[in-house]
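Structures incoming, each one as structure tokens.
Next come two complexes built around chain A: one with chain B, the other with chain C.
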Partner chain A sequence: MLGSGIIKGLAVTAKNFVGSFHDPERLPTVEYPEKRLTLPEAYRSFPFLVFDGENAIDGLRCVACKMCENECPPQCIYIIPERDEKGRPVKKPKVFDIDLSVCMGCQICVEVCPFDSIKMDQVFEVAATNRFEGLIAHREMLAKSNTYYHQIRPTEAAEVDTRLAEEKRLAEEKAKAAAAAKAAAAAKAAAAPKPVATTAPASATAPAAAPASPAKPAVAAPSPSPSSSSSAAAPMAAAPKPPATTP
Partner chain B sequence: MTATLERLPLLVRDWITGFFPEPVRWLVSGLLAIVAILAVFGLYFAYLTLAERKFLGRFQNRPGPNRTGPFGLLQPFADAVKALTKEDIVPQAADKLLHFLAPCLVVAFGLISFAVIPFGRYLIPVDLDAAVLYFFAAGVSSELALFMAGWASHNKYSMISAMRALAQLISYELPLLLAVVPVIMLSGTLSTSKIVVAQGGWTFGIIPHWNVLTPWGFAGFFIFMIAAVAETNRSPFDLPEAESELIAGHLTEYSGFKYALFFMAEYFGMSALCGLGVTLFLGGWQAPIDILQVVPSYVWFMVKLSCVIFCLMWVRATLLRLRIDQLTRLAWKFLVPLGLINLGNAAFWHLSADWSGPLQIVRWAISAAVIVIPFVLIGRTLSSGLAPRTYRYAT
Partner chain C sequence: MQNEPTSSAPGLAGTPANSSFDILHSPLGSPQQGASVREVNDPFHGDLLEVSMGPHHPSTHGVFRMVATLDGEIIVKLKPVFGYLHRNHEKLGENTTYLASMPYTDRLDYLAGMTNNWAYALAVEKLSGQVATERAEYVRVIVGEMMRIVNHCCLVGFLFNDLGTSFTPLLYAFREREKFLDLFEELTGTRMMYNYQRFGGCRVDPTPEWLAKAKALIDGFPRFLDEYEQFLTGNEIMLARTQGVGRLSPELAINAGITGPVLRATGVGYDIRKVDGYGVYPRFDFRVPIGDHGDTYDRYMMRILEMRESVKILQQAFRDLPAGPIIDPKAKNRGLRPKAGEAYGRIEGPKGEIGFYLISDGSTNPYRYRVRPPSFINLTVLEDMCLGHSVADAVVILGSIDIVLGEVDR
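Showing the complex of A and B:
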């Protein structure tokens, strides 16, 4: 019959009208400045720099390698590395600026960064009264703590933390190994002239102990790290001491 | 107590006119009526715009304006300040006098229709004998102002859409009048106050004797409201100023407060027409139930008026805009024939007034059939071949 469609339509709008007063599904508006939706974890706006520890500038993970600056498609990143008084780079950025009016949020800087030091932020309220100074984010503004990073994207931050810890452990082991090799080489160099000078039977135990375990005494020697095998280090600790004191 | 409340506006008027000498009292009382209408309906207009925006929001699942004051209650004043502070641009080629006159006239014609509407038992600004005739004469003259706006702008878009507006308004003038005629036939008077009095009384104290509760009255109200929506240029018949299709119709060259005046006129026209609809079909200021007569009559009038206007907003939130040919076809092929049949129906109702007992049921059945059968038949002929629509490329 003529008009039945109109009545159906009126019923639909009436449902919306009545429902908007009691059914949250029929009034989905979130009144923004007062109420906010929680942003999805993958949401990204502009990059920021992660720092560890308390001090924002000293704790920056960034080493001013300029990889992000080179890769940035709209070239909105500007870096000057810090140099010491002799003019050598000290692996810190002196200037790290991002022009937010140019940044397109492509996340390429985050992907190329080998140190996990630049990450995407979730701040979208960056309105400024001036499009030049107002929208250029300096190092101080960009530096945000690791805890903040954990707040905005917990899973990704946890992943990064475990990866960094693993890298740190490997690097430490490598350093220990290197230090041990160095120490062994030094010990060898120190022990080598000894047999020439005095072929004493008492000293024969020391050169025998040192070449037999080149790595294990070295672990105990430079650091009291709990990660290294302390059970192995304890009996050996006694052994290298006499040769060290003998010269 | 009830009687005092009922007469309260009159007492206030008498108190104010008491300060003036006898020879000018008639003038003061006339001016007071004008001031009262301007104040009440000016404020009503202001909050109608807010209510419309709030309700449309709710119909569309959003809260509507709520930033200006609590619940957005200061929004109309913010809008007024905005309209007043905007630059008033008059095109160089425009007819300056007519361009200025058109918005003023359109508001004036919208306002003078209020003069004959009985707002309460004792509240009628001018109790004319030919009030209905006067109302339509005043209403039609706003079409003149509308065309004046289109003509004075000296802009072909304004001109064409003013002509379209005229085509629409003249098309719908006929069903509007045809819907009103049965009421005049059956009440035997053109005076709005007498028409309302004729609808007084209740069956068993709960069923009011309103015209809308009879077959011919229901059909008349139905036709009247459709035509009233078209007459006031509201969606779905808002072709003269269809925002998405035309620039702004005859309002293209208007800016600032003149533009606001056209809107004011639209809302005044809508209030006046709905007020007439309430007067003719919904019993005017009569209470719906006998015992509710304790509430003053002017409150009942405003409640009914607001309900009718709410229904118009509801329709606006639901329906899409019609095409101009669909619009005129609806008027000439559907509403006018139905209105003419309804005229005959009202004549039958008038002739069968003395039927009683079981004949009363026969009378109702015949009257209902006379209007429902043509409705179904005309509807079928009009929509044959049109629905269900098939799409060639869409699935």
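Showing the complex of A and C:
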């Protein structure tokens, strides 16, 4: 019969219309600003820098090795290493900028970082009125505590902490062995060769790996609950408090 | 069925001789002939009209422009104009490392990023002599076939938008697509820009929970397809608008290098999954749907049938997924320097053959990086398919080719 296909189709439409009142399968939308979906742990938006301890800038794990800067496909990372008064590099970034209007969130920087210092954030509401003030993230804006990292990615952060703690333990053992060897050598002869630097840079800059369970946030962390989706919605600049001195 | 008052227009050939709806009830019934151009000595002959459609009209699927020369409402000439979205993709690929090109490939065909990743990974693996692990090959099939379903959901939805059914079929299809994108987000971190494949495997291993969720989704998918087909496939208006519209002959399709569902709709059985048998595809039992008439309706049915076959492949892949490492522990991704040489890696993407041709000179960047985009090459026969049809049909024909401008322009 002519029109039977249309009538069958309308039956489907009617089923969907009626279903949208009681069947969540047929009404999957969420009224976004008021209600939010929980983001999956793997969700990624833009990179941020992890710091340990209380001070955002001193505790940065980043050693300004520029690995991410070299590998970044759209070249949105800009790093100047810090130097002491004699001009020697001190394994800290003096400038660490990420141009968020260029960044495409591919997380290649995270993959290439040997020190687990750059990770992907879950903040996606980064709209700004000014491209140069709002969307170029400086190191103060990028630095976020390890506690925050545990909040957004509990599994991955726990793995990273275990790995860093292991590296630190190995480095300490090595240092101890080297010290013992040095003492033995010193006892043997006064002109013992100086032991080479043994501590790995990552563990040297990480004072203590944070516990796996989220403790009190070091600085104003956006949300205490890791499962709450509002942690991802906190404005990016609210996470760390910038120190008084800026570079 | 043409909409113009055919009986009063003298010399307008090609209106369906049989105006009854009999043909509509056989899905692949005798196709209608498209209306041909009016005779030049027609006393009512007017001037030809040139209409520029696009570059931003929603029915042109992005920043694409069709310069159509019209005789009345009939297209006598059609010039596709593109390049508005050109962003130097191939030159970028020559100036970045092999790994750094991977996220850019997501942006080629942004509705099917995973298959682009896969084709590129395959090309670099060939070039550098790396082999993906067994588990990774299965995971690639899983995500690749899911990507095909996502792409075809989009395509069918947009095709019906072009037909004038404003948004209802599209949103039903998108509702289903959203579930797949949620799964992709859980696995890779993003909904569309995955950056998931690596040389020698995949970036992250899907967890058992993820696999269980994906399997449940796939098992429920045929139910959606049945409902969707009940909704659309028998619709008389859709049949009248698509059957016999935009016919493509198999000879022209082969000569123009058309691939994918557009080629198979003409009756040519050419599927790279079967021809090349890349990855672990030879281990799966699936059929390749072949059309008969090469018209818009066949192209629509190709997509529906391919989704059903994808479900079959996925169920086998979930069943046989082996344990093991997801990426070869010795795989080299960062700082990759393949030996000098060339390689071409191609897979059957949702839109056709997507291939990457790479020449290495032994440095960290490819010397030449070339994409073989299915959208672009399938677009070349647009004029041949549109000639003699009305403007409204041209929109539908364009929709049935399935183009994404990110890939056409690169």
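Rule of thumb we're sticking to: the second predicted complex is superposed on the first by the 187 of 247 C-alpha atoms of A that agree within 3 Å, B and C clash if a C-alpha of one lies under 4 Å from a C-alpha of the other, contacts with A are read in each partner's own complex, and residues count from 1 in each chain.
Operating definition for what follows: contacts are C-beta pairs under 8 Å (C-beta built on N, C-alpha and C of every residue); 3 or more make two chains touch, one makes a residue touch a chain.
None of these values were measured; they are calculated from a predicted model.
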Who does A:6 touch here: chain B (first), chain C (second), both, or neither? both
Practice task
Pick one for A:42: touches chain B only (first), chain C only (second), both, or neither.
Solution key: second
Chain A contact check, chain B vs chain C, more residues touched by chain C
For A:14, using the defined touch cut-off, is the partner it touches chain B, chain C, both, or neither? Pick first, second, both or neither.
first
With the two complexes superposed on chain A, say which partner A:31 touches: chain B (first), chain C (second), both, or neither.
first
Touching A:73 in the superposition: chain B (first), chain C (second), both, neither? second
Touching A:120 in the superposition: chain B (first), chain C (second), both, neither?
second
Going through chain A, the residues touched by chain B and also by chain C turn out to be 2-3, 6, 9, 12-13, 16, 26, 28
Chain A partner, complex, touching residues on chain C are 21, 24, 96-97, 99-104, 168, 172, 175, 178, 182, 185-190, 193, 195, 203-204, 227-228, 230-239, 334
Interface with chain B, chain A side, in the complex: residues 1-3, 6, 9-10, 12-14, 16-17, 20-21, 26-29, 31
In the complex, chain B touches chain A at residues 55, 58-63, 66, 314-315, 317-319, 375-376, 378-380, 382-383
In the complex, the residues of chain A that touch chain C are 2-6, 8-9, 11-13, 15-16, 26, 28, 40, 42-44, 71-73, 104-108, 111-112, 120
